[in-house]
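See the structures that follow.
Both complexes shown next keep chain A, but they swap its partner, so chain B is in the first and chain C is in the second.
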Partner chain A sequence: MNYFDHAASSTIYPEVLDVLTQTMKDDFANPSAQHILGQNLQEIIEIFREDFLKAIGANKNDSFIFTSSATESNNTVIRGLSLIAGDVVLYSKADHPSVTVPVEFLAEQFNVTLKEIILDTNATIDIEKFSSFLNENVKLVVLTHVNNQSGVVSDIEALAKIVKEKTKAHVHVDAVQSFTKINFKLSSDIDSMSFTSHKIGGPKGIAGLFLKHNHKVQPLLLGGSHENGMRSSTLSYPLIAGFHKAMKITMENSTQSFSKASQLSEMIMAKLSQMISTIQFPFKSTSPFIVSFVLPGISSDIILRHLETKEVYIASSSACSSKIPGFNPSLFAMNIPEKFHKNFLRISLGSLTTEKEVEALIREFLDVWDNLKHMRGR
Partner chain B sequence: MFSHLVISIDELWLKGKNRKDYLRSAVDHVAAVFKVYHPDKFTFKIQSERLYYSSKTLFSEELIKALTCVPGLAYISPCKMLERLPDENLENVYEEIVNGLSIMDKKSIVFRAMVKRVDKNFSQTSVFIGREIGHRVITRYPLAKVDLKHAELVIDVRILPKHISISTETRKGMGGLPWGSTGSAVTMLSGGFDSPVASFLMAKRGVKQSFVFFHAYPFVGREVVTKIKNLTKELAKFQRQTHLYIVPFGDIQNLISKQCREEYRTLVFRRYMIEISNLICDKVKADSVITGDCIGQVSSQTMHNLHLMDLVSKRMILRPLVGYNKLEILNTATAIGTHDISIIPHDDACSLFASKNPIINPNMEYWQNWDKDFDISAELAAALEKTEVFSINLQGEFYKKEYFSFDA
Partner chain C sequence: MNYFDHAASSTIYPEVLDVLTQTMKDDFANPSAQHILGQNLQEIIEIFREDFLKAIGANKNDSFIFTSSATESNNTVIRGLSLIAGDVVLYSKADHPSVTVPVEFLAEQFNVTLKEIILDTNATIDIEKFSSFLNENVKLVVLTHVNNQSGVVSDIEALAKIVKEKTKAHVHVDAVQSFTKINFKLSSDIDSMSFTSHKIGGPKGIAGLFLKHNHKVQPLLLGGSHENGMRSSTLSYPLIAGFHKAMKITMENSTQSFSKASQLSEMIMAKLSQMISTIQFPFKSTSPFIVSFVLPGISSDIILRHLETKEVYIASSSACSSKIPGFNPSLFAMNIPEKFHKNFLRISLGSLTTEKEVEALIREFLDVWDNLKHMRGR
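Up next is the complex of A and B:
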C-alpha cells in the first residue's frame, strides 16, 4: 500500500500504538477520581500538558485544553467568544469547514458581520487588503497556518502582529496541518490555536486547544468542570498519552522530516511536470507535506479511484468536502477557476513517507494518466 | 385490525386448464408473506377461488400492506365474520355494519353496499339485502349518501354457507398474474427512473426477476451501488425472493473505449451488458431480459439501435416502457416508491464516455466487423467471476452475499 493522504489522517506510529494498548489495558481509572489510581493519571496528564505548552513555545500560565477534535477546538473559540451583532469576524472561505461553518453560523444566528480575507493568485493572504479590513469592530480573526487543501503556509506571526497593532481582536490560528511539522514561533499576539493528534501519527478522538492566559473564551460543554471548566468530559488518559507520544516523536524528528518531505515533494512536482505538460501547481510557499495540483482533462475522482485499485491513496479535495459535487467554495476562494474544481488533486506526505513509496506513486500515477488518455477532455 | 382476511385472485377467470397452477402460485406467495408478517397460527381455506384466512391474533397493517405488493391479487379484504343466524335472520349483520361506521357521524361519505350470495340456497336476493343495508345506514347517519358509481366506501357483504363476511376496508391488490407464473427474467437496472418501473410492470405480469447492475468502477464511485441496493430493496417487495448481480464493468468500458469509434461507444457497452445479462440468464435459468428502454428517449433507443440489441440477445428482450411517456414513467415511479431514490444524482459512466454525436442509424458493416474482430469473452468471464451476488428476501433485506459462479 502507498498512502499519500496524511493531511486527512496519518498512519499511527507503532510506538503510539504500544502506548495505547498498554494504557487502555492498565490505565482505566477516571483521572478525576479521588483515589490514587485517578490522581496518578491526572498528575501525568499535567506533565503531558506542560510538554504540549513547551512544544508550541507557550508559557506555563497559558492553557492547553484536551478536546475531541480540531473541529471542537475551532468551535470552542469561534462560538465561545460570545460575539454579538455588529462585531466583525475576519476569516477565509479557504479555511476548513470547522472554521467556515461555525463562523457563518454566528452571522446567521447573531448578526455578526463577516469579512472575507482575500487571497491573491497564489492563494496567500493579500496583506494590504487584510490590513484594510482591520478596525476596532473586528473582534475575531481566524487564520490558518497551513491550508489543508493548498498547503500554503501563512505568516501567522506577521499577520497576528498587524491585527494587534490595529485592533483588540482575538486571533485564533488553526494549526492542524502545521503542528510539529512547520517551525513557527508562538508570539504573544496569538490568543488561541487548534491542533490534532491524528494528523501527526496519533490516535483519532483527541485534539488540543491552546488558550492564552487572559483569554475570554466560554466553554462549549458544561458539566464536571474538567480542564479548568473549559471542557467538561472525563479525560481519556490513553488517548492523551497516545497524542503526547506522537507529538514527542514528530517534534524530535521535525527538522529531518521537513527536509525529507521537501526533497520528496520537489521530486513529485518535477516528475509530474516533466511527464504531464498540462499539469498546474497553482500555489507558492507551500508546506512540503502537501502537494496540490490541477490536472485538466479528467475528473480527479476518476484518477483517485484508478489509483486506489493499485493501492495508491491520494485525495481529490479535503475529505470533509469531497462529497460536494462541482463548485467548491474553498477552491474558489483560492482563485482556482470553477471549471478546474473537479480537476483538483492533493498528495500529502507523512513523516515516514519514503522515496520508494514516492517512486511507486509517480509510476502508478503516470500509468493511470496514460491508461486514461482517451478519456481526456471529459 | 381484523382477524379475518379474504383475498381474491386477479384474471383467474381468463384461465382454463392451468387455473389451478395460477391459484397455487398465488397461494404460495401469500403463504410466504404470512410467514414473515404473521408468525402466529392461522387457518386457511380456498372457497370459490377466494382465499380465506382467520387467526385468533389480529392481522397487522404491515401484513396487509405487504399483500398489496403480491402480484396477481385483485383485492385484499380484512373482514369480520359473523355466524349465520337461523331462518335467514340478518339482524346481527345489519347491526354490525351500522355500528362499525361511526365515522359517518360527522362526515358525509358516499357509499354503496355490494352483496354476494356465495351460498345460492339463501333465498333473500343480493339486491334486497343491499337495499336494506343502504336504508339502515342512511337512517342512522343522515349525512351519508348512496352512489353506486362513485362510492368512496364499499360495504362488501358475502353470504357464505355458515358465515357472513363484512368488509368495509377492501384494498386493491397489485393485480395481474402470480409471481413466476409467466416466466422469469434478468432485469437490467441503471439507477435511473425507467428500469425500476419496467421491473414493476413485469412483476405485475407475473415475471419472476433477478436484477443486474453494471458498475463502472473506477470511473464511477461506490455511492451508486448503495442507490441500486435501495432500488432493489423497493423492487424486492414485488418478488418472493430475488438476487442482485453487481457486475464490475469499468475495465470493460475502458477497453471498448480505446478501440471503438467514439459514436458507437454507448451501443457497444450496451451490447456487452445484454450479453452478460444473457449469461446470468443461463445461470438462473431465466427466459428473458427486461430493460427500461423507451422508444426514442435517448439516442441508444432508436429503433435501429434497439434492434441491434435484439440481434445480440439469445433471449427475448422485454421492454414494457417502450410506449410510455416520461411523465407516465415518473408517475408510476412515485407510486411504487422508486422515484425518490432514482432522483438522487450519481456518476453515470455511459455519459462520461458518451460521444457528443452518438450514432442513431448504425452502419451494419462496422457493427458486424466489430463483433467479428473484437473478442472480449475472457474479459466478460473475468467480470462475471468478480460479480457480487446479493440475496434479498421479500422484506427487502439483503441477507447473503457471494460471488458469481456457474457451478454453484
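Up next is the complex of A and C:
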C-alpha cells in the first residue's frame, strides 16, 4: 500500500501502538478515582501535560487541556468566548469547517459580525487588508497555521502581533497540520491553539487545546470539573499516553522529517510538472507535508478511483469537506476558480514516508494519467 | 489485585483489547476520506450503529451518535434543546454532575426554571411528588436509569410515560450504569439516552447518544458535519469498534452476569451486615453491580488507604464528585445526613468479577475494619 493521505489521518507509530496496548490493558482505572490506581494515573497525566506545554513553548501557568478532537478544541474557544451582538470575528473561509462552521453559528445565533480574511492569489493572507479590518470591535481572530487543503503556512506570530497592536481580540490558532512538523515560536500574542493526535502518528479520539493563563474561555463540556473545570469527562489515560508518545517521537525527529518531506515534496512537484504540462500548483509558502494541485481536464474522483486499484491513496479535497457537493467554499476563498474545484488533488506525506513510496506514487500517478488520456477533456 | 471500582471505570475485555490493537494498527484511515480505505470504515461504522440501535430496542430511523463521553452525550442534549427563560427543567441533584451541572448552567445563563425531583428515604423517586411537578411549562425531564452512587434503579419506562401523559417535555435518560447490565424496554416516551464504553469493558474516549427520530437537539460540536451533522469530529474507527465489541460481549452475557452479580452483591451485604453491626445500607431497588453503604465512626478515606495496601480498590464516592470537599450534594439529595457523607463507601462489580475475588474483598475489608478498631469513634 502507498498511503498519501496523512493530512486526513496518519498511520500510527509502532511505539505508540505499544503504549496504547499496554495502557489499555493495565491502566484501566479512572484517573479521578480516589484510590491510588486513579491518583497515580492523574499524576502521570500532569507530567504529560507539562511536556505538551514545554513542546509548544508555553509557560507552566498556561493550560493544556485534553479534548477529544481538534473540532472540540476549536468549538470550545469559538463558542466559549461568549461573544455578543456587535462583536466582530475575523476569520477565513479557507479554513477547516471546524473553524468556519462554529464562527458562522455565532453570526446566526448571536448576531456577531463576521469579517472575512482576504487571501491573495497564492492563498496567502493579504497583510494590508488583514490589518485594515482590525479595530476595537474585533473580539476574536481565528488563524490557521497550516491550511489543511492548500498547505499554505501563515506567519501566525507576525499576524498575532499585528492583531494585538490594534485590538484586544482573542487570537486563536488552529495548529493541527503544523504541530511538531513546522517550527514556530509561541508568542505571548497567541491566546489559544488547537492540536490533534491522529495527524502525528497518534490515536484518534484525543486532541489538545492550549489556553494562555489569562484566557476568558468558558468550558463546553460541564460536569465533574475535570481538567481544572475546563473539560469535564473521564480522562482517557491510554489515549493521552499514546498522544504524548506520538508528540515525543515527532518532536525528536522534527528537523529531519521536515528536510525529508521537503526533498520528497519537491520531487513530486518536479516530476509531475515535467510530465503533465497542464498541472497547476496554485499555492506558495506551503508545508512540505502537503502537495496540492489542480489537474484540469479530468475529475479528481476518477483519478482517486484508478489510484485505489493500485493501492495508492491520495485525497481529492479535505476529508472534512467531502459532504459539500461540487462547490468548495474553502477552495473558492483560496481563489481557485469554481470550474477547477473538481480537479483539485492533495498528496500528503507522513514523517515515515520514504523515497521508495514517493517513487511508486509518481510512477502509478503518471500511469493513471496516461491511461485516462481518452477521458481527458478541457 | 482485587478491583471493585467498575462503576468508575471497568477493566477492558481481552477480546476488546485485540480489536483495539488490530484496528489501531490497520484501520488508520479517516472514515470521511473519499478513498476506499475511508469509505470501507464508514460502512462498517454504519453497521455498528445499527447494532447499537438494535441493542437498545430502537428503530432504524432513530439516531445513535458516537460521542467522546457520556458527559458529552448529556451536555449535547441538555444544552442542545435551546431552552429559554420560563421553560422548566425537572432533574435530580442525586444525579451525576454531567447532568446536574449543565442543567444548573441553563438556569444561570438562560433563566430556565429548575424543579428538583424529590427522593424518598430509600433514594427512590417519589412518584406522587414527581407527578405533581408536571405541567405544560416543563420542557425537559432528566432521569437516570441507575444512580452511579446509590445504585438505585429507576423505573424509567413508567416515569417517561407519566411525563408524556401530562407534558410535551423531552425525556432524557442517563443509562451509563445500566447499559447492557439492567434489562429495560425502550419505550417511545424516551427521547434520548446516554451510554458509555468504559463502564462495560470497552475503551475510554468513546460513548453513545441515542436520539429519537423526531428530536429537536442542536449539535454541540460544529464542523465537518459528521454523524449526520449531529457531531462533527473525525470518527475514531478503532474506539467505535472496541465499544461495539464490548457491547456485544456484555449483551450476550447480560442475564448470566446479572444473576452472578446478584449473588455476589447479596453475599457482600450479608457478610458485612453480619460482622459490622453499625453498617447501614440506605438504598433499596438497587443494581446488583453497585453495593453502597454508610459505615459510621470512621472516615471512608482511611478505609480506602488501608485497603489499598492490600491491593483492594473500592470507592468512597463517585470519581466525578471527588472534587467536592466534605459535603456531597448527591448524597444529600438521597437523604443521607451530612454527618455520614464522609462515611460513604461504594463497592462496584464488573461482569467478570468472581466469587473468589469477592471472598478476598470481604476478608480484607473485615480485617481492615478490625485493625482500625482503635480509631473508630461513636
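As a working rule, the second predicted complex is superposed on the first by the 376 of 378 C-alpha atoms of A that agree within 3 Å, B and C clash if a C-alpha of one lies under 4 Å from a C-alpha of the other, contacts with A are read in each partner's own complex, and residues count from 1 in each chain.
By our rule, contacts are C-beta pairs under 8 Å (C-beta built on N, C-alpha and C of every residue); 3 or more make two chains touch, one makes a residue touch a chain.
Just so you know, these numbers come straight off a predicted model, no measurement behind them.
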First, second, both or neither for A:370, with chain B first and chain C second: neither
First, second, both or neither for A:96, with chain B first and chain C second: second
Touched partner set for A:46, first chain B, second chain C, both or neither: neither
Which of chain B and chain C A:165 touches, first, second, both or neither: neither
Which of chain B and chain C A:355 touches, first, second, both or neither: neither
Partner chain(s) touched by A:20 [first = chain B, second = chain C, both, neither]: second
Chain B versus chain C as contact partner of A:306, first or second or both or neither: first
Residue contacts with chain A in the superposition, chain B compared against chain C: C
A:338 touches, of chain B and chain C: first, second, both or neither? neither
Partner chain(s) touched by A:266 [first = chain B, second = chain C, both, neither]: neither
Chain B and chain C footprints on chain A, overlapping residues: 301, 308
Touch list for chain C against partner chain A, complex: 3, 5, 8-12, 17, 20-21, 24-25, 28-30, 32-38, 68-69, 71-72, 74-75, 96-99, 101-102, 105, 196, 198, 203-206, 220-226, 232-239, 301, 304, 307-308, 313-323
Chain B contact footprint on chain A (complex, rising order): 299, 301-302, 305-306, 308-309, 325, 371-372, 374-375, 378
Residue numbers on chain B that touch chain A, as the complex places them: 217-219, 221, 254, 257-258, 345, 347, 352-353
